[in-house]
Structure formats: C-alpha cells, structure tokens
Amino acid sequence: MTLLALDYDIENPWLDAVLGLLVIVLLMTVMALTLIYVERKVAARLQMRLGPMRVGPHGTLQTLADAIKLIGKEDLRPASADRWVFELAPFAIFVPAFLGFVAIPFTRNWAISFLDLGLFYIVAVSGLSFIGFLMAGWGSDNKYALLGGMRAAAQLISYEVPLVLSLLAVSMVVGSLDLREIVEYQGRVPLFVWQPLALFIFIAAALSELERQPFDIPTAESEVVGGPFIEYSGIRWSMFMLASYTNLFIYSLLGSIVFLGGWDWPLGGREGLWLQLVWTAAKAGFLILFFIWIRFTLPRLRIDQLMTFCWKVLIPLAFLQIFLNGLVLVYEWPDVFLLLTSGAGLALACYIVYRSVRVEPRGVRLVPAGRARLPAATATAEGGSGA
Amino acid sequence: MVTERELETVELNINMGPQHPSTHGVFRMVITVDGERIVDVEPHIGYMHRGGEKLSETMDFRQAIGYQDRTDYLAQFLNEQAYCMAVEKLIGLEVPERSEYIRLILCELNRVTSHLMFIGAFGIDLGFFGTSFTYAFRERERIQDIFEEVSGDRLMYGYFRPGGVVWDVPDNFVQRVREVLPYTKQGMRDLDLLLTENEVLIARSRGIGAMSAERAINWGLSGPMLRASGVPWDLRKDQPYSLYDRFEFSIPVGEYGDVYDRYLVRLAEVHQSIAIVEQAIDQLPDGPIMPEKMPRKLRAPVAEVYAAVEGARGEYGIYIVSKGGDKPYRLKIRSPSFCNLSALKEMTVGNYVADAVAILGSVDIVLCDVDR
Amino acid sequence: MAEGEQPDAPAEGEPPVQPPAEAPASPPERPARAEREAKAPVKEPPPPGSIADLFAQALPGVSLDAYQGLSSVIIEIGRDDIPKVMPVARDDPRLDLKFLRCLFGVDHQDEGLEVVYQLLSLDKGHEVTLKTRLSQDDAKVPSVASLWKAADWHERETRDMFGIHFEGHPHLLPLLLPEDMTDHFPLRKDNPLAEIAEWQGDFLGGDAAAAADEEVEE
Amino acid sequence: MEVETARGTIETTQTPAPAAPPVPVPPSERPKTGVERELELLTPAEVDHGKALYRQVLPGVLQAPAETVLALARKSSLWPMTFGLACCAIEMIATYMSHYDLERFGIVPWPSPRQSDVMIIAGTVTKKMAPAVKLLYEQMPNPKWVISMGACATNGGPYTRYDRVLQGVDKIIPVDVYVPGCPPRPEALMDGFIALQHKIMEERGKV
C-alpha cells in the first residue's frame, strides 16, 4: 500500500491490512458524522430553517451528541424477536458498506489496494446489503418491519441490474475495469460527455440502492414507519444510519470517479497529491448535494411504479446504451458518435418519463353560480327551501 | 394423489395504530393486505371522543363557544359562526352590519389557513419530508398573526358571540389584511410550483380513491370532497347565509373525484377565498358591533333550530334543541370529517398500502371533529 | 329597528324572550321562569306549497304531523312508518331527498327518546327534518343504512350514545366507545358529568348571576 | 365508585347500569360492565430503569466523567415521537416549523417509539386512548422523559368533567415537565424543553 506518496511498502501483509482497515474505519466514521450534519443543515436551509445551532458553534457537535446519546440508550430487543437474526442484521448491513472502500482510489497513487477489477469488486460487494434488510425485517417480528424488509429485498435486487449495466457500458468504452485506467481515459474529456444516458441510469439506480427519495420505499416514514429499523434502538439503530451514510459517500465517490473524471479531468492529473484529493472530494460533494436536494423536493414513488420504472424503463435503456456502444466501437466510428447516440437515448428516456405521467392536462372548472347544472329552481320547490 | 396447490398467499392485517405519522392524529385503521394490495379496511375512531356536545349542554349560550373552537381546531372561526348563527336564529338577534363583515373576512381567512394546513400535511403523506409543510406554515403564521391581533390567541379564538363579536378589530386591521394577501398569493405560487406540476405527485395521486357523484351524495360527503366529484354544492351559494350573496366568487368543481382532484379543488378554493376577502375588506362599514339592546341573559324559547356553514372540510352544522331557559337541552354538531371519513373503506379497498395513506390525507380529517 | 320596540317576530310559534324594558306587573309569587316558558309551544302549520304537501301527495296513507320549525319543516312520523316513508322520500322524483345531512338521537327523559333525520335534496334545494318518538324501554327503530350509506356511522354513533337499537343495520358495533362497552350510554341525561372538586358555577354565571338578573327585572 | 390506585383515586361517576336488578347481585358474579373492564387497563405503568449498554459492559469503571458527558449529549439531542393527539398537536407542529424551529436545539421528531427519548402528550387523553399511550411509553428505550403539553394532558382541561376523559395523563405514566396553556404557545413548549434540559443536567448519574 502506498500511503501519502511515501512509497514505503510494508512487507508484512497482515500489518498492511490492519493499517488499511484502521484508515477506513476512522475516515469513514468521521465522514459519516459530517455527512449527517451536512444533510441536516442543507435540509434546514431548503426548508427556510436554521438547522442545529445550539450544540457547539453552529451546531457542529450535534451529530457527535447524537452518537454519544445513542450509545447511552437502553439496548432493547422484542421478546418475540428471533435473537441472532435480530442482532446480526446491523452487521450484515454495516460490513458491506465498508468493504467497498478497499478498491476505491482517492487519488492516482493513494488507495487501500489497486485492484485491476476494482469496478467489478465494488459492485459485487455493494450488492450484499439487502440481506441485512431481510434479516432486520424478519428478525424483529413486526408487521411493518416484515413489509419493509420485503420491499427492500425487491427494490435492491431489481435495481442492481441497471446499476451494473450502466457501469458495464462505461467500461466498454474505456476497455478496462480498473478504476485508475478509467480515470486516465478521461484525461481530456470526462465520460459523462460521452455517456449521458449511462449517467442518468447510474444516478437513478444509485438513488434506489441508497433508498433515498424518491425511491424511499423500504423505510417510508408515512407508510411503513421506518421499515426494517422500527424495532432497533440505541447503538444498533445508529449502525444502520452510519451504514446508509457511508453507502451515500461510496456511491457519490464512485460516480465522481467513473463519470466526472475523478482527479484527472481538467487538471491533467500531473499536480501533487493534495490537489487531486481535493478535486475528487469536490466532485463527490457535488453529487452528495445533488442527492440531498432530490431528497427534499420529490415525493415517494409507489412500490409498483418503482418496479415498472426499473424493469420497463431503466433496463431496456441500459441495453440500448450497450448496443449503441458496441455499434460505435466495432465499426470504429469517431468518438463523437458516442455522444450523439447516448444523447438521443437520454432524450428518449426523458420523453418516456414525461409521457408516462402527463396523460392529459387536468384542470378544475370554476362554476360561477350555485346549482348551475340544476334546472332553474322550480317555483314549488323554492318555497320550502331554507329560511 | 397429491393435489398440486397453487401458490396461495396468506392475508396479513396491518394495524395502522392510533399513533402513526400519517393518520393526522389518533385514528386507527386495520388494513387486511394481500401482498401489497388492500383487501379490507376497518377504521376505528373514538380515540378523541371527549364529549363536546354533552359539556355544551351544561353551559349557557355564551360559555359554549370554547367547545366549538376545539371541535375542529383548524377552522375555528367557521365553527363559531355556525354556532352563533344557530343561537341568533333561536333567540332572534339581529347582527349589525360591521360584525357580519368582520365575521365573513375572518372566516374566509380561516379557510385559507385550514387549506394551507391540508397542503402541508398532504405533502408529508406523499413523502415530501417537510418541505411542503414549512412553505405552507410560512403563510399560515402570517395570517395567524392577524388572528392573534384580533382575538388575542393563536389557535382558540373565542372571538364571536351570539349577536356579533366580542370587541372591535384593531384600527390597523384593514391595512394589515391588505398587507398579508400578496404574501399569501406568493406563498400559493411557491406551493403550486413545488407540488402541482410534480410528476411523482401526479403519478401518486391521479386516479386513486375516485368517488363518483351519486356515491358521494349517498355517503353524505360535503365540501371539497363533494365538489371534487363534480357536484357543484356549496352552502355559500346554494343556501346563502351571512353576506355571501354580496360578493361574486365561483366554486371550483373537479371531474373524477380522485385524490388529485381534491387537491386541485382545495388549491383553487384558496384563491377564491382571497378574492372574497379582497372584496369584503374594501366594503367594511363602521358602526356598532353588537345590537344595542342585548338581553343580559340569553333565554331561548322552546324550539329547535339548525344552522350550517360551509366549513373548510364540508358542511359544519349545529342543531340546538332548546326547552326554554338559558342552556341548550341538546346540542348536536354535524361534523363534516365524520361523514367524509365514513366513506374511507369504499375509496381504499383495491389500492396499495401507499395509496391508503394518500387517500386518508386527501380526505383531510381532523380527529376532534370526527369524534367530537 | 324601532327604538325600544321588540321587532315584530316573524310567524314564529313562540314570541322570543320578553324585552327587559317592558316591566311585568305580575303579582310577586310568580312561577319560576323556566316553568312559565316551558308550556307546550303552539305548532305553526307549514306555509302552503312547502315540502309537507309534497310528502302528503307522495304518501297518502301515512299520518304525518307536520309543522314549521325555526329553520325547516319538521314532520313527526310513527316508528313503524319509517320503512314506508324513507324509501319514498329518497326515490320519489318530486321529493328527491338524496342527501342525508344528519341523523341523531335526543333523550327527552320521561317523554322517551327521539331519533331525528335531516334530509336535503341537492337538485330541488329543499330540506326536511323527520322525527320519530320512541319509549325509553324498547328503544328500537328500523335502520335506514340500506338507503343512505351516510346513515351507517350515524346510527352506530346514536346507538353508542343513547342505546337506540337500529334493526337491520349491517354491523351495529360500538363506534366511539371501546369495542366491548355496549352497556354504557354517555349522552343520556341520567349520566351526570363528573363534579370538579370546587365547581366555580356560581362565579361563572350560575345561580348568582340568575339571582342578580332577577333583581334587574324588578 | 372509586378505584384505589397508587397515585390517587380515579373517581368516576358511573352509576350502575340503568336497569338496576331488584336484588343487587354481589359484584363478584355480576358480569363486569364495560367501564370496569376498562378501568383494569388504566393502571399506571411501572417504570424500571433498564441497564444502559455501557453500564452492562463496564459497570463501575466509566461512571464519574461519563455522567456529565452523557447528560450533555442527552440534553442536546432529545428526539420526540411524532405523537399529536388533538389541538396541541397543531401548536407542536408550528414549533417544528421554520418560524420557531425546534431543530436548533437538536430536537428532531422521529416516527417510531424505539428511537425516541421524549414523549410529548399533546392533547386530551381519553380512556379509550390511555392503554395505547401506556403501551407507547413502555416501548420507549430507557432514559425517557414525558412532556405533558396543554391543560388537557395535565388535568383534563376544558373536558375534565366528561367521564370518558382521563383527568390528566400522570394517572398512567410519570410526567417530567408540565407545559401550561390551552394550547400552549410555541414559546411555552420551547420553554418546556429547556426546563427538561435543566432537569436532565440535574439528575445526571441518578438515572
């Protein structure tokens, strides 16, 4: 592992792994706490509120206070809950969230380990978390949890397919699954220029993998009251929150590397380590703010609309994207054709979404008089009407 | 011979218990669900039955005003007007012109605040995480400031009395109301942009919980629920009371009676109410606010009277049976939410669990109004 | 409004409250004010051409005791006439009373229980109040839930509050009271309200105010 | 007919069923009336201070400094449960909104009782709702507090004379802060929260 460009290598693999793990756990818990704080402040600003102010300067210690309070809570488990399934569910969700960091490069030469199948590894690992939802849903012996768990299973599995296909389309263009080569390929032109449709599919699928609005079905607050997490309290529940915000950071980092050009795009990637790190983090931050903004302006889709959107819109579009890429790459058409075909696909996608909802404009007719549609009030009936 | 049993699913009944974020208070709904589709709904009410009617029977006509505020705590002025009209009709009091205007202006502003509350809660039910609530409450707080200047309280006004109003409005009342109307219009434009054109909201609310016109009449629905189903019945136009025949305004009427239509009808009603207030505020006359010869003790003859008002949720009526003396013998409150809620099962069966929440939100019930 | 002169009350059965200005020169030992006013009000026949006549035309054989109340025509019908009157009221094109506004009970203690139906026609615009009188012990009345679905919950609530049993109601379970409480009727007059430790009645306007008002009269 | 309870008598004025049988059947055989069945449900909830996780792991070791840090953390992140009953719920919602914004104190309403620390009783507790309130109180994990908001929750408010209304929620669950008013203004509710925060600071280490 090359840490902070010091180019020393530790011969003992075990020490190397433990050091890497230490970096992940420390970095990510701090990152998750700041992300929760950023979300609450941005959400408050969106709603014309101030957000947490009293705990520490400008509320910065708010999430720390939440974490300490949650540690101090009583550890409850419903008597009729299935003991081990209930207690292991948080770990089944928490661990895959952290495994993803092993393969993500933060800068050209700084990552836990440079896998040449990095993209494949990340997608495979992030697919494991739905088991935790099922365990939480089934273990806590609560109807809401069961319903939430089933919804989570259905949603996560079905949205794994478009996520993988959109990343496949990108790696077809680049020709490799190694994240560093993907970033180098984007030296001059970032990939979202060549593949706008793949970016659209990736963002929709990532939103659904994270269960954020408008795909917030499993933990829908107004229907299923917190879904699988309803019976968890204290530290177990805080592990779910930590995992969901870590996932948010992974997907936005992945999106910034694969689509927005990571540390390479406008700077050409020759600068020092710190500028590359700042540049990757800035792009990831942009995606995070985009996800937070979406969360507070769109309502929730229904479970069947979610499924039809995935199977009837996203997956066909992903296949279309792969087919077009194949066409362009096999016949060596110039790269600009990638942009044209993908742009046309994106326009088609937007038109489908627009048409599926806006069947015909619906207004409310304003009736000036009272019983307009009634026959002129007959004389006899009029006598008896109100005082 | 083993008979091959096809995959049959067991029905699960979910108890959306008295404490549920989207039941607008204490209302329990036992939903029998087959997978995600609702097979049967059994509403349980009565968790907020606290005897407003029986307590009003032990109070004389002036003391029972407080219970009308607390019955439907989102349209307080409209309830008070219904109660005062019933008592005035019973005792035969004449309300001076100025009080009628003040009552009308405050009632229409109260309809605006009640519909703003509906729009906020409707967003929460569909999953807006509070954005629609804060925008709606920004306008609501401004109008509530005016109510506070007029009556001295934020929520329970107790400002109307049989015969007129308690005291005169503050001097800058006209100017304050003229100030607040542009803000409300701007707020409605923001909410309109946020909610009405939102594709996901349209997908979630169009064609769900539809109610045809004659079924709506048979179920006894009233107010925005009835008008969304296409029946142009509005007490302010069809059985005019107070001064509504002096202003020209129109009634928004929907076509299909589904959740989206009810939302559109209430949105349009806010604009109509603002139009009424603008006309009424210009014609506010001066003069006395109470009839000069008010008997010190209101004694009623032996008679029965019914007075109804077009409340924010529907027709809010008061039926007083009086056997002489200064206390009503029996006071019945015809509460609109009670009738609108009784049709919930017919609207919800066959939809998804998420739709049940949207339909319950569109009925816009106030639990104290349902259980009285 | 003429100064000091009580406006000529409309054709009401009962003259409204006496104006304080007119000093009653009645002898000192007057019966208490409540009994004096509680004498049976004279019932005003409804104006010609009102809904009472439509009812008479539509239901020739039924005994209808109709009179003009303060806010609408009130018709009293017998308990066993309900299965005949209600379907006609709803379906007859002249009456067309499709909207059941309200259905509730009144407890007249010794004169028995009373069920009040308020019907309204949206198309014709007229409304009527139908009433039936029941005795205290066998409080049974045929249900109209099959005609108006709105009556379903109203009848369950009236059963909760007054114990009037509606025969033919699909599922007459307690609505506002807990499911197993079928023997407690809160709104009946023999259920007094709980006493607050020190009832401020006389301060708030109870007897003292009434007594004070008496002196004002003299 | 009084029912003796730990905290005082719940006296109701239920006269026996109107048709009183001529020979008074001894109460034991007489079938329980609905009211008596309901009164058994209304016994106060017993409060057991469960063991917080850190006490199970390190019973005495972390005691002294942890109390101050924990009390500060608990004070600054009170999560109430979205549990509005009646008119006071509207004032509670108004307090969460942007004009008064309780989130400045770190107070975020949470839907499920498992994740909430404070229960705000905002409205009248009727006898049909009381068992549900008690069940919700018992479902909350342990360092939990109750704010009784408004006159109805404190002693029945304007509806205290009606026999279907519980005359005060402290007959079934222990209440920490009473907020007066009908409905109390948003500022009064905020003052209630600040009073609760002082109380948490004072009783650190004892609970």
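General remarks:
All chains are identified by letter, namely A, B, C and D, in their written order; residue positions are counted from 1 within each chain.
The rule we apply is simple: a residue touches a chain if its C-beta (ideal position, glycine included) is under 8 Å from a C-beta of that chain, and two chains touch if they have at least 3 such contacts.
Just so we're clear, the structure is a prediction, and the values are computed from it rather than from any experiment.
Put simply, the chain farthest from chain C by mean CA position is A.
By count of C-beta pairs in contact, B-C exceeds the other of the chain pairs B-C and C-D.
Compare each chain's C-alpha centroid with the centroid of every protein C-alpha atom shown, and the nearest one belongs to B.
Separation between the centroids of chain B and chain C, computed from CA atoms only, is 25 Å.
Centre to centre, using the average C-alpha position, chain A and chain D are separated by 38 Å.
Note: centroid distance chain B to chain D, computed from Cα atoms, is 29 Å. Touching of two or more other chains is recorded for residues 70-72, 122, 125, 177-178, 186, 191, 193 of chain C.
Contact of a single residue of chain B with at least two other chains is seen at positions 21, 46, 49, 51, 54-55, 58, 89, 133-134, 138, 233, 238-239. In chain A, the residues that touch at least two other chains are 47-49, 221, 225, 371, 385-387.
Within the complex formed with chain D, the chain A residues making contact are 40, 44, 47-55, 59, 61-62, 64-69, 71-76, 221, 225-226, 229-235, 237. Residues 50-54, 56, 69-70, 72-74, 76-77, 97-98, 101, 103-106, 108, 111-112, 114-115, 117, 141-143 of chain D are the ones that touch chain A when the two sit in their complex.
Those residues of chain C that touch chain B in the complex are listed here as 1, 4, 7, 9, 12-17, 19-21, 33-34, 37-38, 40-41, 69-72, 74, 98-102, 104, 106-107, 116, 118, 122, 125, 129, 148-150, 152-153, 157, 174-178, 186-187, 191, 193, 204-205, 209-210, 213, 216.
Those residues of chain D whose C-beta lies close enough to touch chain C in the complex are 11-15, 17-18, 33-35, 37-38, 127-128, 160-164, 167.
Of all residues in chain D, only 81-87, 89-91, 93-94, 97-99, 111, 113, 123-124, 126, 128-129, 132, 136, 152, 158-159, 161-162, 164-165, 182-183, 185 touch chain B in the complex they form.
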